[in-house]
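Have a look at the structure that comes next, please.
Every chain is named by a letter (A, B, C and D) in the order it is written, and numbering of its residues begins at 1.
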């Protein structure tokens, strides 16, 4: 179980992590600024295993991999949205942050609700209901299962 | 007994003869306020209980340290300044025209014999046209804005005579660095410098500006050059008998007199991290560098850029070395565009940034990291001035800087 | 059945005769571009690999353009890491010589290539018929090590352009109008392919601007048919196409749009989203604090000419900051030679060295809380140019320049 | 009037410039309170956190050389520094400190006679006592004493302008 942090539609990469922090030497130095313009307290309130839930087009904008990386570094278990922008989606999978497409969840959960995600079954449990979510394509599931693209690179070598 | 130049300028201002050590109250002819200090000045001005600026025409506001803005809060300084200018009806505001000290002389705000204060230590620059000018803090500036006056202690003077013929590869930057090396960083504290001799007579106002600018690095309160034809032309004034009189009497009394032979000067560098750690460039030659900066109120004028272009023409900046050129003012940039200097510098590989304090004040424009070395034409090589405390800054002339950029190591132009 | 341009390029890169939208293919890349926005992280990951190696260093192009010259010690450390790695591994490094995509256009991109860039606007390369797409640093690292990557073949949206743009209407207005039509996610995961009789009237600069902004509709890439104009651009620069792919007549498109260029009017994208597009005439009362002409979208010589034409003989409105930033050193030098920089400087603009500047929002020209910017940059997201409480409008070069003159949003015909 | 006091001392060398006292990157912070944690950061980043109100600084020659930034004496005052004893002071720093009511004492000999952490006793306008030795103090010019007595230039001006 993890807590829901609910955001709207078109949450762009600049809101996830603003440009002025991207050249900081490490992700750990950036992560306190996650969602700074939308929810200043996010980084201090989020706990290991929590979820980010959003509407359409989550992660649109730049290719900055810092965006999924800071979410992962803060312990976010998965991002569940109605749809994702493609570079964010790809980046998230590559670093091992699950990104789940689910049309229904956004409209029935509130900020702070507890939910549980079963990726193998493609199912989210909330408020006593089970909601189906899209399973990842096998290629991406394979990368995730390996622990991200770097892990697969090390294995191939 | 005769008077030194500073004694004459102060006497002229206060209407009575003064001598070193006197504490007198001067009437201020101009003040320069820069963007980085403005919010503090305005706060103090109000806190002191003032409502109106004593004479709006005598106030010049210049945005230069924070242009362009690099941090979100920088723009607050513009707005506080704009609001104050509107409220007080200040007619002279420069929002992106260049570095304050360049503009004060170039735009005609300072004339020979004037008494001028600014909230920046390099306000000493205006001595190049025979004005008494010096840097003060923002609290005193707030006081001047309210009263038009400031107390000063009349300084003793160190006289420096430079006669003879300079080697062709020596610039006025080499001269002032050499002087600072001799006097040490506090050798002229509380005192005025006064320069004279053939070499000074032959110098452009721009070259004198470089010397006056850096006089604060040996602690000087000001550094004066007697007004001559060049000064008059530069300032757009007539060289009246009254201005001719603003030179030291032959029987003036000095704290010290230095006689320097022009032929003895060589290109020099100030080594990290003291402005007075000066040695011949030849002794530092071969030191690998990462960056070169040509600009600032010390050496960002047309003659400096042209000198750099002369060195760089048809050559390229060394691989992995960055050359950053920042003209001192919009006027300098325009003139350098028109006469092809910018073209030469850009083709050699220079990054040319908009006129501002930029890298010299360490807020932007080429900040460096641990272990990196820079050769710079500006005025300070203090620890941490351009990045971390592990950055090494060498100060040099535009010619030395340009040659070093090409070589990728400290190098100087042969005579 | 036939293939689209995107399908043909991916098929060639996958070594197959035919691919279809929805297939996942392993492709060999022609170039991998990375800039200072993420390269420091790529290097950290590279150094942690079990067996780090680079598949083909000649395919790597590294460009320092986002925060250049460096604005802080943290930036300087990241730049140093990138520079040192490039030096040790003999990777081509461009530093301070322009925005990455413009450098790629000027020196590398050829029709038929498949290029990864660690920057979302890599989709710009379609202007020359190359499949460019933005990736994160992990994807980049995988490609750097293996020379390959996997790619989902995108479905294609086809845009047939007809006629030509009216006077005063720009490519920027066209692509913003298209983004409004299909929405900010309307091309998510898809390719946008442009052709039709109207293409011939668009300059290479126009085409780059259009393809560049395709990612703002969510597209994986933007692609233009390669015509004589594109081939002439390449020939001028001594490059030859890898292969020119035209779409098959019976290619399968997800949707086909017919666009009459004469219907397009000057528009602006209002805060805080790129598809929040309205006719510029609807925003005439919006007061601005800053205007920005530059970026990989609109920092080319054609854009500077358009801006200079508008501002020549006029002045930037008081208190408005107008930043003009050529997209590359080549553009800068040409603009200097054509007298454009002089025009901007005379008008009171701030001319900066080629870099990402205001578009990137953390290096120069940052805007403060409550301030409004009109920009030719790529994005108007909340906080994109500085404070989260600021406002960014996107528009064409003439509209931005006219707004700088008026101090509020205006089109050039209003002057 | 300047009162007698004792203070624990922090020892610094020659030519402590204004960029060391407070680097340029922090100068545009809205308040001195926000800046003071960065005092001396290029030289001794830990120092600002260790200074306790009432402590003093003993330095060598040319303390405060460099820029005219008044933030330099202001941050030291905000940290609670009671006085600075140095071989000599750069002139702009000197004026700025007095204008903020920060006591400066010129003495060339004390520096060599003390260690960091020692406690000195200051007898106003007479001498400093440290490790059993006495070091003379020159008295300040009258106009400066007036400013110090008023509690700084702002207060002096408020008095002049009849605002309290």
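Keep in mind that, in the parts below, a contact is a pair of C-beta atoms (placed from the backbone, for glycine too) under 8 Å apart; a residue touches a chain by one contact, two chains touch by 3 or more.
Every value quoted in this text rests on a predicted model; they were computed, and no experiment measured them.
Within the contact network of the assembly, the step distance from chain C to chain D comes to 2.
Mean C-alpha positions place chain A and chain C at a centre distance of 27 Å. In this assembly, the C-alpha centroid of chain A lies 53 Å from the C-alpha centroid of chain B. With centres defined as mean CA coordinates, chain C is found 41 Å away from chain B.
Residues of chain C in contact with two or more other chains: 72, 75, 77.
Residue positions of chain D touching 2 or more other chains, listed in rising order: 25. Those residues of chain A in touch with two or more other chains are numbered 20. The touch graph of the protein chains shown is a line. Contacts between chains, counted with the stated touch criterion, involve the pairs A-C, B-C, B-D. Across the complex, chain C meets chain B through its residues 68-73, 75-77, 79-80, 83, 87, 93, 95-97, 289, 319, 321, 323, 329, 332-333, 336-337, 341-342, 345-346, 348, 350-354, 363-369, 371, 386-387. Chain D meets chain B in the complex at residues 15, 17-20, 23-25, 27-30, 41-43, 61-62, 65-71, 73, 88-92, 95-96, 99-100, 141, 143, 152-154, 157-158, 161-163. By the touch criterion given at the top, residues 23, 36-37, 39-40, 44, 47-50, 65-66, 71, 73-74, 76-77, 118-121, 123, 134-140, 142-143, 146, 151, 153, 185-186, 189-190, 216-217, 219, 221, 274, 361-363, 380, 382-385, 388-389 of chain B touch chain D in their complex.
Of all residues in chain C, only 24, 36-38, 40-41, 44-45, 48-51, 66-67, 72, 74-75, 77-78, 117-120, 122, 134-139, 141-142, 145-146, 150, 184-185, 188-189, 215, 218, 220, 273, 360-362, 379, 381-384, 388 touch chain A in the complex they form.
Here chain A touches chain C in the complex through residues 10, 12, 14-15, 18-20, 22-27, 29, 36-38, 56-57, 60-66, 68-69, 83, 85-87, 90-91, 94-95, 137, 139, 148-150, 153-154, 156-157, going by the rule given at the top.
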